[in-house]
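Per-chain numbering from 1; labels A, B and C assigned in written order.
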Amino acid sequence: MFDRPRILVCLLAAVFAPAVWAQQTLSEPQALRIAAAADLEPVLPAILAEFQTETGVHAETSYQSSATLATQILNGAPFDVFLAADLGFPQRVIAAGLAEETEPVVYARGTLVLWTRKDGRFHSLSMESLRDPVLKSVAMANPEHAPYGRAAKAALEHLGLYEGLKSKLVIAENIAQTAQYVESGNAELGLISLTSALTPRLRASGQYVLVPQDAYPAILQGLVIVKHPSGTQPAHRFLDFLASAPIQHQLEAGGLAPAK
Amino acid sequence: MVDDTMLRADVRFTRGAFVLEARFELRSSWTVLFGASGAGKTTLLRILSGLIAPDRGRISLGQRVLVDSDARLTVEPGLRRIGFVTQQAALFPHLTARANVAFGLHLLAGEKREARVAEMLRFFSAESLADRKPGRLSGGEGQRIAIARALAPQPELLLLDEPFAALDSAARSAIAGNLRSSGVQVLYVSHDLADAWQMNADAIVLEAGRIEAQGPARTVLAPYRERVLEQLGIGAASELEFGA
Amino acid sequence: MDFQALALTLRLAIVTTALLLVIAVPLAYWIAFTGSRLRALVEAVSTLPLLLPPTVLGFYLLVLMGPRTAFGRAWIQLTGHPLAFSFAGLVVGSVIYSLPFAVQPLVAGFSGVDIALLEQARLLGASRLRLLRAVLLPLSARSVLTAAVLCFTHTVGEFGVVLMIGGDIPGATRTLSISIYDQVQDFAYAQANRTALVLVVISVAALVLLYSQRRSGLSEARRG
């Protein structure tokens, strides 16, 4: 092969051509790119499908922790809308001059719940279960940078449980991963989002109780539209769609209370 | 003809405690470089061929200057028109004998190259070996191919570093005969006295990095004669003569 | 089965491997044969990506490629969008991430070639390129294959770097490993299992190809 440079060149060209082609598919005009916090994964796809039916706009979503998404956006990620799980991360995007708004638009309120498997040890689940000395492990999202993690830590501190539980805590990178830890049985209890708890799968395999609302600061979930040289029309249409009454009902049914 | 392609060298090289200082000219078309192991013979050949750079010195082959440390001139090994055959044949194991011989002929056009390769194979009676890979060649066959490979590009000087050590005397004289009839200038390294004695050529004696003597082999090597006789198997007889 | 992700993953692995061979061969040649005092440093730096956690590597690449650095800004000026979150960005990330897997086997292979052969090649007038093409590469062909297969499988399995600098964009940066991650996050375990199986099958096939070569080369490559 090395004696025939022409073949080598052809091979390389054949290999680079699809790479260039792959690059083209990135710049589809009608696609709306959404950066969505992990807790939205159970509820957003259905809403986006309806959005496409109604407006013809196809939305592509990336579900990661709000922290990672913010980092990516700050480094130039081509998202059109950033739906975070708090207000802090959208505020950073605003501070970097990358958002259209001057304040994050609160689109929903998140709810923290305590969840356990039905075939686990805790048959009559309550917040008191967290005090049970037999408890081995509790999963929560990272309190350093995950909004639901911060809320979980605040709730535990409010109930005077945080210090005592420290050795039993299993920290997940984002709220979706937290649900995985407890759903798979690796953690006995988990402080997860209501959106996860209301999914068919978790409803079938476990039970939950609401963490008292006064135990943690409200999880106000904010969004921003990311500035775009080619305009933000589809993004605005999506925002209107999201704010409409039927969609707000859908969000509520899925575990995200309205912004009030 | 010898004068035109004569090698002249004046080099100094140090590595650790070893110092090589050699100043000589080749006056004959067949010169034996003789000396004990560690005397610096291989190092000298490596310097002449360009694989090592001397600390300072001047080397010229005929009209061409190959190394001149004052003028900061060094000609690359591949351009010196010097062939170098080592004790280990160093044949390219993934190429046939034919391809090995052809390796240095990349500047020749296809037909001319093939003709030259065929000529070399014939010259060393190696036609039957042409399509074998080095793994299938015996020690002697491998050496023949290695010498053919070095000779193919028509070098002005051929350096041989004990390439005959693994061969029997018949094979040795056959190859030596071939080389002498080819007319190329040869500098041949040996620490084997019996060999050097029989060659009937010039000799340079190297000891601990210094040239001790240079001249016709029989003259220069006479002091080492005792050892020659021993190696030729006559040693026991002389012991009896002078014993007790 | 996410065929788009599969095609993308294979494309990424092939492009990365091809590029890495082109980059790593001269680099390994230099490392194996230079007498320079910088050699140890260069070799260490080329091994560095092995030691950095992939997400950390991904993060620093992300910053490097973004509008916060001069390089990133220049790129955006030239092409209209950042290097990250594109296939090209993934290629750059993968090349850096898999670099040690190309350099190490090549250096080992090159160093194992009898230096007397390389000297003879030089004496017979071979240029460096010809030496590489006609002697060094053929005699270290197994190392080249090892480097290629390791780069390929390593890139196929890449996750942390791709997630960070890729942004999980379908068709452009959602590779198979990310696809599995998404499916797992979504509790779609059956799908995830299927996708994971494909990933494993590809990698095992490539490695079997590599390991089945080992024995046959042994007798040929040894010096005659």
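The rule is short, and it goes like this: a residue touches a chain if its C-beta (ideal position, glycine included) is under 8 Å from a C-beta of that chain, and two chains touch if they have at least 3 such contacts.
A quick note: this is a predicted structure, and the numbers were derived from the prediction, not measured.
Engineer: Look at all chain centres (mean of CA atoms) and spot the one farthest from the centre of chain B.
Structural biologist: Centroid comparison gives A as the farthest chain from chain B.
Engineer: Looking at every pair of chains, which two share the most C-beta contact pairs?
Structural biologist: Per chain pair, the contact count peaks at A-C.
Engineer: How big is the gap, in whole Å, between where the Cα atoms of chain A centre and where those of chain C centre?
Structural biologist: 32
Engineer: Mind checking the centre-to-centre distance between chain A and chain B? Centres are C-alpha means, answer in whole Å.
Structural biologist: It comes to 77 Å between the two C-alpha centres.
Engineer: Please work out the Cα centroid separation of chain B and chain C, and write it as a whole number of Å.
Structural biologist: About 46 Å, centre to centre.
Engineer: Check each residue of chain C and list the ones that touch at least two other chains.
Structural biologist: Within chain C, the residues that touch at least two other chains are 138.
Engineer: Which positions in chain B are in touch with at least two other chains?
Structural biologist: Not one residue in chain B touches at least two other chains.
Engineer: Along chain A, where are the residues that touch chain C in the complex?
Structural biologist: Answer in residue numbers: 2-3, 11-12, 15-16, 18-19, 22-23, 25-26, 33, 38, 41, 60, 62-64, 68, 71-72, 74-79, 176-177, 180, 183, 199, 201-202.
Engineer: Any idea which chain C residues touch chain A in the complex?
Structural biologist: 8, 11, 14-15, 18, 59, 62-63, 65-68, 72, 76, 81-82, 84-88, 91, 132-133, 137-138, 163-164, 167-172, 182, 184-187
Engineer: Which residues of chain C touch chain B in their complex?
Structural biologist: 114, 116-117, 119-127, 130, 134-135, 138-139, 219-224
Engineer: Quick one: which bits of chain B touch chain C in the complex? Just the residue numbers, please.
Structural biologist: Listed in rising order, the residues of chain B that touch chain C are 49-51, 76-79, 82-84, 86, 88-94, 103-104, 106-107, 133-137, 142, 149-150, 153.
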